[in-house]
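Quick notes on the structure that follows.
Going in written order, the chains are labelled A, B, C and D, and every chain counts its residues from 1.
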Amino acid sequence: MNTYGRGFRVTIFGASHGPGVGCVIDGCPANVLVGQERVQREVDRRKPSPGIGTPRAEEDLVQLQSGILEERTTGAPIQIFIQNKDRDSSKYLGFRSTPRPGHADYPALVKYGKGHDIRGGGQFSGRMTAPLAAAGAVAKALLEGEGIRIGAYARSIGTVEDAEERSLDDVLDKVYSRPTRAATDGLDRLMSEEILAARQEQDSVGGVVRCLADGLPVGLGEPFFDTLDGELAKFMFAIPAVKGVEFGSGFSAARARGSQNNDAYRFQDGKVVTLTNHAGGVLGGMSSGMPLDIKVAFKPTASIPREQRTVDLGTGKEAMIKIEGRHDPCIAPRAVVVVEAAAALVLADLMMRGGYIARQC
Amino acid sequence: MNTYGRGFRVTIFGASHGPGVGCVIDGCPANVLVGQERVQREVDRRKPSPGIGTPRAEEDLVQLQSGILEERTTGAPIQIFIQNKDRDSSKYLGFRSTPRPGHADYPALVKYGKGHDIRGGGQFSGRMTAPLAAAGAVAKALLEGEGIRIGAYARSIGTVEDAEERSLDDVLDKVYSRPTRAATDGLDRLMSEEILAARQEQDSVGGVVRCLADGLPVGLGEPFFDTLDGELAKFMFAIPAVKGVEFGSGFSAARARGSQNNDAYRFQDGKVVTLTNHAGGVLGGMSSGMPLDIKVAFKPTASIPREQRTVDLGTGKEAMIKIEGRHDPCIAPRAVVVVEAAAALVLADLMMRGGYIARQC
Amino acid sequence: MNTYGRGFRVTIFGASHGPGVGCVIDGCPANVLVGQERVQREVDRRKPSPGIGTPRAEEDLVQLQSGILEERTTGAPIQIFIQNKDRDSSKYLGFRSTPRPGHADYPALVKYGKGHDIRGGGQFSGRMTAPLAAAGAVAKALLEGEGIRIGAYARSIGTVEDAEERSLDDVLDKVYSRPTRAATDGLDRLMSEEILAARQEQDSVGGVVRCLADGLPVGLGEPFFDTLDGELAKFMFAIPAVKGVEFGSGFSAARARGSQNNDAYRFQDGKVVTLTNHAGGVLGGMSSGMPLDIKVAFKPTASIPREQRTVDLGTGKEAMIKIEGRHDPCIAPRAVVVVEAAAALVLADLMMRGGYIARQC
Amino acid sequence: MNTYGRGFRVTIFGASHGPGVGCVIDGCPANVLVGQERVQREVDRRKPSPGIGTPRAEEDLVQLQSGILEERTTGAPIQIFIQNKDRDSSKYLGFRSTPRPGHADYPALVKYGKGHDIRGGGQFSGRMTAPLAAAGAVAKALLEGEGIRIGAYARSIGTVEDAEERSLDDVLDKVYSRPTRAATDGLDRLMSEEILAARQEQDSVGGVVRCLADGLPVGLGEPFFDTLDGELAKFMFAIPAVKGVEFGSGFSAARARGSQNNDAYRFQDGKVVTLTNHAGGVLGGMSSGMPLDIKVAFKPTASIPREQRTVDLGTGKEAMIKIEGRHDPCIAPRAVVVVEAAAALVLADLMMRGGYIARQC
């Protein structure tokens, strides 16, 4: 379903080639300061970077239609609408019978039948992440009041990997000046080249987005099932093209010994901290007080210009397909702000659910 | 919170050193055939293997106290209770002031204060997975009636990796005769040695469990947020010690090109299949009809006999800790049936939610 | 929170004097036939009747912005927006300090503080029922495909009561030609007079709406907690001004003997029916197969032109208030279509949740 | 489904003639003082009163099996189990083919088929309210810490009505010394006679329970849908035999004028109060700060010894039924503590959801 959250909720709607996309945010306390400009900034950070992104040029002007009055939340549900303007559906109708490899087309056609709006991928389009970025702006504004900060960056694009340990201060807000959202200019150049090489070969390439957050209260999360890591993972997998999520040492922990992987405690300025953060800030499904550290793997964009093998559901015969829509050769750079939004929405929800933030004055 | 699911729900309760642990399963249709023996078998598969597991010897006798009459579900909530018998809490009370590295102790003490039952890890103990295995038995019985099969195995223990492609038929039910739940006897020997080596060095080791499932209807999952992969990931992260989850090619997809990673369609016996399964059976958050393929990374057991650095919350000073309870040097083998149960519970929930299975006759 | 339902969900947003009001409907299967005209008709049935309603004249033009393509649902969330055009907020700002008796003003000001949008009652306005009527149109379209029919009428206005037993066929669609939504022209005249008398005395009057539904499958409802009657009651109490809900013989059952109140079974055309319907179609929280019979009590409109006693929250002194906005002297007639929508939304949700209707093709 | 609540949750399980009944309470903060004795007292208040109740004599000994350690909640889910001891299923098996009028038998048989456990009404038995009373003890203990008090009494039994205005202080804890839970000894005599007269005529009789609560924070409730009144109503309708719920003036408000029904504000000891409480403590779905005032209508017990008309589902012919189990001729007295428990569970949930009480220390 299209709603996430219990205490702080976001519901998204729309489709890639319909009148627009949008969201309803519910449960946000009144009196949070967030206006048009703040929301617009987050949505703009999701726009394709010149050169390495899709040529589809959406203005993405956010319209706040409910729940915000004079740049302050009222306590009523917040609705944000973004019109679709640069639609070109001419290239999509064939996909009804010949599903695109790596896309949601085939299961969606089976699930929704002829009602399914396949234009631009419909409700499965990456365009659905625009309202997520907008909702993330509201969640971030709420969390800032609690001293929680969230920042993400492109940790790898294809085979170009940024193995350096980075802190939140290294990346927060800074990466948005770089087309690939890399942590340094040097990496940005290498990653851009990786993307351009893929595009030149009529291909696409994947990447890993790393997200950090600090300021979480110790104990945040609602085990056994509604854990800090589990809720974050669930939301991350909702972002189109995500295939893996790990916290801290993640899969490499599976190869390690306990004596290496355990994070020893000590006091620092009267606060309990750990010397390492292999746990990625999560113990027993709750925040340990150390920075949250998530890695999210994005597969290469499924839509590539090369000819691919598929089937024709109408004729029952095999077929070839050449995808001619406008697509990003690598989704990871645009996904950076979306991963931040996802983290913000989950944290806001857990903060509300735990009663760390009250719904009322 | 301690409930998972909307259509088919499981609620767990209990604590490691309390009177017992148990679960309530709700939403299961009436007339599913499942009795004491079936539930007991799944719970027994979670028992420590001789030689490589903990010496704590729990009988784990399941008591069906509601919802099953004459080996058939009645439509009422199903309650299963498992007494704790072999409790030894003498080693735990010190952890109130000196939290064990890598454990939930510290955030739990902050969250629940002096009320927290720290004996054996309380509600954060791996013992909470016993009722999950029991609940999994009911979910599996329901799914079998729909032609869905689920099987998991130990894909790696420490640095011993089983890189072979395995099908569900290779592993289903078969791995439970091997102590490590490996796919072959040869791997079982190597993995057992890895575990024993860790134990000998007063250490522990991690591992990866791979889970396969087939027979899912195409389109299973409730995007945008309640996706097949997201729900599975959320549940997997609730299992103690899980640090990473990936589907199909997972993190390696992030390094790949689209032309390599896309799975081409073709027809096979009139059915749409893909030549490869890099997607791991999930497209757009829905089942593609290909086998589900999940990898779950377990960190090494946090409780190790070696002395470790920690803090004393009472004195505010640094301290050393030596953990003397009874623990598994590697959790992955016992987690195999728990991962299967997790998958079964998620699939049962999505099948009910989608109306693939009706609640009533 | 502003979302109702688990299987078939409606989320509402907006405020009385903001840019507009609207809803998002989620979980509706694809391929349900419902277009602009159908939705508009239901919304129009909520408009004030000439003579007995408010002078606020809203065009209430519905805009379908997501989830419906060529008069057919796509399976994506459905979004419907209704602009607010005839706003006059000049009369409301004083209510910030002097809450209107019988209104949500006082608790809302305490709950949301200075962020609360008090203009027109904000998110507590009866105007929020416009998107409910719109959502009801979609739910009705879905239910019609399952043979479920829903019809309501004004059973009493003030002291004018329609004690006659009415069947669904007597009222379905027919009452909308009468200003008060009474079941006969004679009653309509009497009820209109009751309303006009109240208006003339600068006063308001209450009423009871009765809602009938048939075609429900026997067993519909999810006891113990998510019962057919409980879910309906919960939704009805969300409608502004509702103070009581009863099923079948309701409160009069409390005065009766079991031998009078029990409904004896018999066969009719091979179907199990009851001779009477004191149960109102609900037994044990489930549909009995007999027509659903709900009575919903609406209090008199709280906003009356007469001077009333209140307090001034600013000065801490008692004060007098004269309410000058535009209001209906009786809300019951306009609530008839809203009660139908509420019933339709609950039934659609329970049908989806029980798997009576599948989410997918 | 068998779970109520989001922030403070109760899940019930069991059946009338199974091994026992019980509940799991989740979301309760740690460190709430509540022990065996407190829970047992509430469960005992539900026992049949000598003379006017059923002869079924259940010991109803509560077993706390999880979540409470040394009379203090641990933060883990709380499980309470109550064995069924005095079971006599011999009278029930015939009801499989001849459903009892006024009971859940018929819809349950349709919904769950031959799996349904019809003995004693199975999961639809009034016995399911025993774990509710137990759960209510925990909720009350939590709420007391917040200054919230809840008390109910029998307002009418059959035609004997207690029309007197009663305050919470008049009834709190006091009514449990009287068999009928009436507010005075005189009424208790009259009500007892009403019940005995019904029993003598092999009949049963209904009643109304009124529940009061004070100390609620102004603004409690989560409109638009999760309102204070709507949530309470939903829970009340889950209690077997409830047919109507009203707040404050309720159905009589529908006959009133606004000038009569509005509650004028004034200051009292610096607090905003109303001169009357026709609203029953609820405005716009939120607490007004005035005492909560709910009336709950119970129908006469469906099980009566008199011969009744029914159908034989096996033969397809009409049949007569004589119910020989052990039943209460009036359920209202035993329902008083259950209505209190219901109110406590709803208020605890809304207090947690709103963040009025935090989940963690």
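Things to note:
Operating definition for what follows: a contact is a pair of C-beta atoms (placed from the backbone, for glycine too) under 8 Å apart; a residue touches a chain by one contact, two chains touch by 3 or more.
Predicted model, so just to flag it, every value in this text is computed and none were measured.
With centres defined by CA atoms alone, the chain at the far end from chain B is C.
Annotation: C-D is the more contact-rich of the chain pairs C-D and A-C, by number of C-beta pairs in contact.
Centroids built from CA atoms put chain C at 45 Å from chain B. Look at where the CA atoms of chain C average out and do the same for chain D: the two points lie 26 Å apart. Rounded to a whole number, the gap between the C-alpha centres of chain A and chain C is 38 angstrom.
Among all residues of chain B, those that touch two or more other chains are 1-3, 12, 108, 110-111, 123, 219, 222, 359-361.
Those residues of chain A whose C-beta lies close enough to touch chain B in the complex are 1-4, 12, 99, 101-104, 106-108, 110-111, 123-124, 128, 156, 158-159, 198, 201, 203-208, 218-219, 221-227, 229-231, 233-238, 240, 242-251, 253-267, 270, 272, 274-275, 278-280, 283-289, 295, 297-304, 306, 308-311, 313, 316-318, 332. For chain C in complex with chain B, the touching residues are 6-7, 217, 219, 222, 352-361. Across the complex, chain C is touched by residues 1-3, 9, 11-15, 18-22, 24, 26-27, 30-31, 65-67, 69, 72-79, 81, 108, 110-117, 122-123, 359-361 of chain A.
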